[in-house]
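First the structure, then my questions, so here it is.
All chains are identified by letter, namely A, B and C, in their written order; residue positions are counted from 1 within each chain.
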Amino acid sequence: MMWQQTIIHIPPKARGFHLITSEVVSQLPQISYYDTGVLELFIQHTSASLTINENADPTVRADFERHFSHLVPEDMPYYTHTYEGSDDMPAHLKASLLGHSLTIPIGSGKLMLGTWQGIYLGEHRNHGGQRSIVATLNGNINQE
Amino acid sequence: MMWQQTIIHIPPKARGFHLITSEVVSQLPQISYYDTGVLELFIQHTSASLTINENADPTVRADFERHFSHLVPEDMPYYTHTYEGSDDMPAHLKASLLGHSLTIPIGSGKLMLGTWQGIYLGEHRNHGGQRSIVATLNGNINQE
Amino acid sequence: MMWQQTIIHIPPKARGFHLITSEVVSQLPQISYYDTGVLELFIQHTSASLTINENADPTVRADFERHFSHLVPEDMPYYTHTYEGSDDMPAHLKASLLGHSLTIPIGSGKLMLGTWQGIYLGEHRNHGGQRSIVATLNGNINQE
């Protein structure tokens, strides 16, 4: 049984949805030690999110940005938290609609993502800066 | 302390929301071994989802299908990922709005769901096929 | 390695979003024992939710209530689950949009929330009553 924890720093990204699977996995070589377990990723911000979706066609990510900006528009007349810019309150709402953490099973030293699944970072601010993700691993270590 | 992991195969279901609590629990008799722990369910697809909601009245599930299809309509003019059919891009978006995994506490050998809570599978494609859910159990084994 | 589990009872709150970080943490003094681990919070209801968002300005919570009530209006003509009141079906939908559980990493005896992150309870009923949250702790105990 072993716990490991590390903070992954993601350099600033443009507003939108970004496939970060390899950026995350390359910083967690210790996944290969685990026979059975889970990886928990937790983003320490309130205007960016983590979700899982299609890892192949980039138009899916572009459609995500368009649809979430349609679902949570800027400058709604009922917003009162407006002093941090038009993109701020929608960013908070999108972050909670999508979520702040992912728990991904590990089996035989690998993340058990489906064939078409990848990890998305949702950057919901126009200029979001660096983002920090706490990665916590827990599981049985393989006995090879 | 014990980890167990298994893949549950859910036969093809119609588009909509389905109560799968007993279908899941019946395939995990080992839940009863755990004194304190968690069950993590993770669906390995990008156009189906897992969520928790009301386990009694089927009209709740029907209203879920209607409301999510209202919130994420087909054929929005800004969709560019369109070559897999009108139901495909909305299915990806619904999957991320609802989420891909559930973490349910276990106490005294049972899932600690509330009285009215059940596990829903959201099938967001018109013809989604079989769905795979990775079930990972982790906890203290009871010493009876 | 240690598991602990407790049920936190949250007294009735008004419809809307409530910052409950200190209400939760004050009932979990054992967090300080954990060197590395996770806290899982699971709300045992289908018309209330847990999410993470901005812990400072209360207008963010007010805008959450307004936006989620805009996104999931009462009395939509396609709702058929209507006999529990106009606020009931929207409450179920909001609960699944936001989610029923949070998994928060623990490091060096503290929740690893970001500077601006707090725990929100979303009360989606007009008169929701007391809410129960199962808190499950798992991790390495520090050896001081």
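Here, a residue touches a chain if its C-beta (ideal position, glycine included) is under 8 Å from a C-beta of that chain, and two chains touch if they have at least 3 such contacts.
Not measured: the values here are computed from a predicted model.
Taking CA atoms, the transformation carrying chain A onto chain B includes a rotation by 120°, reported to the nearest 5.
Judged by shared residue numbers over all numbers used at their interface, chain A and chain C contact each other through mostly different positions, with under half in common. Chain A and chain C have Cα centroids separated by 20 Å.
Residue positions of chain C touching 2 or more other chains: 1, 71, 97, 99, 103, 138. Of all residues in chain C, only 1, 3-5, 40, 42-46, 71-72, 76, 78-81, 89, 92-93, 95-97, 99-101, 103, 132, 134, 136, 138 touch chain B in the complex they form.
Residues of chain C touching chain A in their complex: 1, 36-38, 51-54, 57, 59-60, 62-64, 66-67, 70-71, 97-99, 102-105, 107, 112-117, 120, 138-140.
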